[in-house]
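The two complexes that follow have subunit A in common; it is paired with subunit B in the first and with subunit C in the second.
For the complex of A and B:
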């Protein structure tokens, strides 16, 4: 068994740590790129959403490197993502690739027993003791929490740094070096080291940077290739960003979902505008927009792939929030046809808009 | 002292020189023809005989070719076209509330409140209604683009054209021609269809309040202005330098910037005679495989862009 998985932001660090600790053979597909998107678009239906296409590209690259088993997360929620595993299995089968799919789904949908049975499939090929397997899983969750923490800190501090580009450099170095670490222990040590380095970045506390919340569909906000590296761009502009959705957020949400204690704050914030779960992360998106306003952010950018049903609903609600709270929100739609020039122009103009609003106190009257 | 603004757009490259009082001293409207470097050089060849390098206090660039233009001329400010258009419009009239801008490849709406931009939108999926489409239709009907608007105004009635998509609009126009409608009526119908398309796509959900400015190359088309006024029910004003607003905005932004920093990066008009070459290559440094563009002036590399990590673009402090 040689396991692979589709890319989604920092997930690959946790996966690498987990499989190395479990001593299971695995393939990290090359990072999502134009090449993965091209392969994916070629094999997928035209109207399929962007994440599906990039994921297919990831699988095809991994197959070239000998992968025979795919782990993906599932969802029984009312959105196309729930059909991803079936459609992808079907598609790869038609192309003549016999791949085993292990779908990790929410225990609320498939039951705890089934979830453990599926996870058992993965761990059965590992020869280490049961206790060590649990430890490996625990370590992997620590890795993803830590790297998400490093990333969030670097993105936020980017607006305050004295030496421009320092946070971005540290973040890139951390990610680069973590790819060469063996097992979770060395990875955690390295990431902790970078956390300390970020704490010691020279800050200009007189600065009052533009703060933007990144909200929207989970895959396109997390996987940097799919949103044309928007967070890196904002770092270059000296903007502080915050993104609530991350792999570690997802994990926590998954574990808590059967108890209904997940995302209480977001649900509460979204209540006035969207009290129902309508699929995907539309309710979270609305909640995050309200939360960002309450936390004193200057604006929010919503990103979603073309044709994403839940986010189209939230897109229709956001102008109301924007008007009620006098809070600018920019919506960006991405797919394989997205031209970078127009995309960058919108982001730049949005940052200008926020900057000018900030300078002009009268505008808030 | 003078301020230079350069707007490298998809269809036209505009250069403007403002004097101390922000009045337009010189304006050049050139066709880009897909060669931004050549267009800038052409413009500089005209300017170099009239102005000295030392007379230029600040340079700003904007438009889709703003990066390449900035590398070439040594810009003090590089700004997106939305901000540039808003700055220029506000300078022309500080009571403007809505800006309708239609250029060669894109159309925008900018909403202004209390002198600052509060909202904007750009066309996303379709280029129907932009300058290139009108250009192409004028060519097909063998009517000079300058007279296109007059034809629309002369028409007494209108023909409804499907304007959802540029391709369908064209087939619908051909169909109406075959049915025997006259050119004027078809052109008027086309203008109305494009305005409908604009208001439904770009202007959707935006409050369009007076005073409305209509700018960008398409504002020259009287038929479009009339169609906007009819659809909105309010008068639409066209600023004097409607097709230069981006360049004027860039010059104004650069002026402000230099007033803060104190000196300009302007490289001078000599570049008109330099030999430029642009090469692109795929960087093999990592799996991102960025397409990097390298600009050379007389065989010396003056700028790179397109890489994400800064390996190439940061090497040269431009």
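For the complex of A and C:
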């Protein structure tokens, strides 16, 4: 059994740590790229959303490297991500690939027994003791929390750094080196080292950079290829960014959601505009926009794939928030046809607008 | 009190319920007119661009009657069956409408769960209070509305034609003759009978759906998949026509599931949006019917 999984931001670090600790054979597919998107859009139905297409590209690349089992998470929310597994299975079968899918679904829909049976398929191919398996899982969550922490810090400090590009360099180095680490132990040590390095970056505390919150659909904000590396671009402009949604956030949310204690602050903030959970992360998106305003951010950028049902609802609500709170929000819709030049122009214009507002040019008229 | 009911989305399924409920409560009903060009234009003007055609049309219906009424009914239909949903846009419909259309009257915001009569009454209680505080009247109106809804039969099952097609899709695409450009009449003129999903019963639906790896969690997916699957399997029709709105997230999945399931059974997918031209639609239907005739002979 050779396991693979679709890319989603920093998830691959956790997966690598987990499978190495478990001593299971695995393939990390090559990073999502134009090539994976092209393969994906070639085989997928036209109207499927962007994440589906990129994922298919990931699988095809992983198959070339010998993968025979795919792990993905499911969901039974009203968003179409929950149906991905079935469609992807049909599609890959039709293309003649014999792949085993392990769908980690919520126990409420498939039953606890079935869930354990599915998870058992993964753990049975590992020869280490049960205690060590649990430890491996624990270590993997630590890895994903830490790398998300490093990333968030680097992105935020990018606006304050004295030597331009230092944070970006550190972040890229950290990610690069972590890929060559073996097992979670060395990965954690490396990431902790970079966390310290980031703490020691020379900062210009007199600076008052533009701060932008990245909100929207979870896959397109987390997977950097799908949003054309927007956070890297903003780092280059010297903008501080914050993004609440991350793999570690998702994990925490998942664990806490049965108790209804998840994301209390976001729920509270979103209450005025969208009091109910409508699927996907629309409510979180609204909550984040309000929260970003309360935290003194200058603006927010919403990103979602073309046709995303929950985010269309939030897109309808965001102009109201923008108006009520005098808070600029830019919406970017991405799909396989997105052209980089037009995309960059819009981001640049938005940053210009925020800069001018800061100097009180526009807010007085 | 004047209560406005927009003739869009699931109005076609639940019109007896809404009509009876508000009439019994003693409200004056203002129902928007059948969908027309003016309503569509208004919808396109106000609604967020990315939304699908039926949601835009719904915005148009609201815009048409908003100035004439004190309360507008925007049903936030969350669930019709346990562990099944409609579509995220239905769950956020009131927010979409009130944030997009200016100068709105009061709107019903309460979530509607039609899982059981008790859950449905929760909705009726909250909404009914807007009209009357008389609880006895409210309960009576609710009972009457449920009664009226359960007696309501819709669906098309033409038997007298040599060629029959299964007309599949979301109810508002099938029954709104402006959105689908009167497809049922067009087919009848070509000598083709129409069957809709209401002809099959729950047992068949359950049986068909259980063949899937994952139980679909949308009511629309369940209905359309099981209906087309059963019709194609039993060869009860000559072909399937699926009317789908452009960029519909649910249909992008359901159509793939159907295609995979029925293999080479004739299937025509008609995409509708605010730019659909009638001539192109006619040509496609005619070509499809020609093909069905040739296959028969």
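One rule holds for everything that comes next: the second predicted complex is superposed on the first by the 351 of 365 C-alpha atoms of A that agree within 3 Å, B and C clash if a C-alpha of one lies under 4 Å from a C-alpha of the other, contacts with A are read in each partner's own complex, and residues count from 1 in each chain.
Going forward, contacts are C-beta pairs under 8 Å (C-beta built on N, C-alpha and C of every residue); 3 or more make two chains touch, one makes a residue touch a chain.
Since we're looking at a predicted model, the values are computed, not measured.
Trainee: Subunit B versus subunit C on the shared subunit A, clash or fit?
Mentor: fit
Trainee: Contacts for A:30 in the overlay, against subunit B (first) and subunit C (second): which applies, first, second, both or neither?
Mentor: In the superposition, A:30 touches subunit B alone.
Trainee: Looking at A:328 after the superposition, I want to know if it touches subunit B, subunit C, both of them or none. Which is it: first, second, both, neither?
Mentor: first
Trainee: For the superposed three-chain arrangement, provide the angle subunit B-subunit A-subunit C between C-alpha centres, rounded in steps of 10 degrees.
Mentor: Between the subunit B and subunit C centres, as viewed from subunit A, the angle is 80 degrees.
Trainee: Of the two partner chains, subunit B (first) and subunit C (second), which one does A:348 touch, if any: first, second, both, or neither?
Mentor: So A:348 only meets subunit B here.
Trainee: Touching A:245, do we find subunit B (first), subunit C (second), both, or neither?
Mentor: neither
Trainee: Which partner does A:282 contact after superposing on A: first (subunit B), second (subunit C), both, neither?
Mentor: In the superposition, A:282 touches subunit C alone.
Trainee: Just checking: does A:45 make contact with subunit B only, subunit C only, both, or neither of them? Give me first, second, both or neither.
Mentor: It touches subunit C, and subunit B stays clear.
Trainee: Which one hits more subunit A residues, subunit B or subunit C?
Mentor: The partner with more contacted residues on subunit A is C.
Trainee: Using the touch definition from the top, say if A:315 reaches subunit B (first), subunit C (second), both or neither.
Mentor: Second partner only.
Trainee: Answer with first, second, both or neither: which of subunit B and subunit C does A:83 touch in the superposed model?
Mentor: second
Trainee: For A:74, using the defined touch cut-off, is the partner it touches subunit B, subunit C, both, or neither? Pick first, second, both or neither.
Mentor: second
Trainee: With both complexes placed on chain A, how many Å separate the closest C-alpha atoms of subunit B and subunit C?
Mentor: Here the least C-alpha separation of subunit B and subunit C stands at 6 Å.
Trainee: Which parts of subunit A are touched by subunit B and by subunit C alike?
Mentor: 319, 333
Trainee: Help me check something: in the complex, which residues belonging to subunit A touch subunit C?
Mentor: Checking each residue of subunit A against subunit C gives 45, 47-49, 74, 76-80, 82-83, 85-87, 89-90, 94, 103, 105, 108-109, 273-274, 276, 278-280, 282, 306-310, 312-317, 319-320, 333.
Trainee: Spell out the part of subunit A that touches subunit B in their complex, as residue ranges.
Mentor: That would be residues 30-31, 33-35, 165, 172, 229, 232, 319, 328, 333, 341-342, 344-346, 348-350, 352-353, 356-357, 360, 362-363, 365 of subunit A.
Trainee: Over in the complex, which subunit C residues touch subunit A? Could you list them?
Mentor: For subunit C paired with subunit A, touching residues are 47-48, 50-51, 76, 78, 83, 85-89, 91-92, 95-96, 99-100, 111, 212-218, 221, 246-253, 255-257, 260.
Trainee: List the residues on subunit B that touch subunit A in their complex, please.
Mentor: Within the complex, subunit B touches subunit A at residues 64, 79-83, 106, 113-120, 122, 124, 205, 286-289, 308-310.
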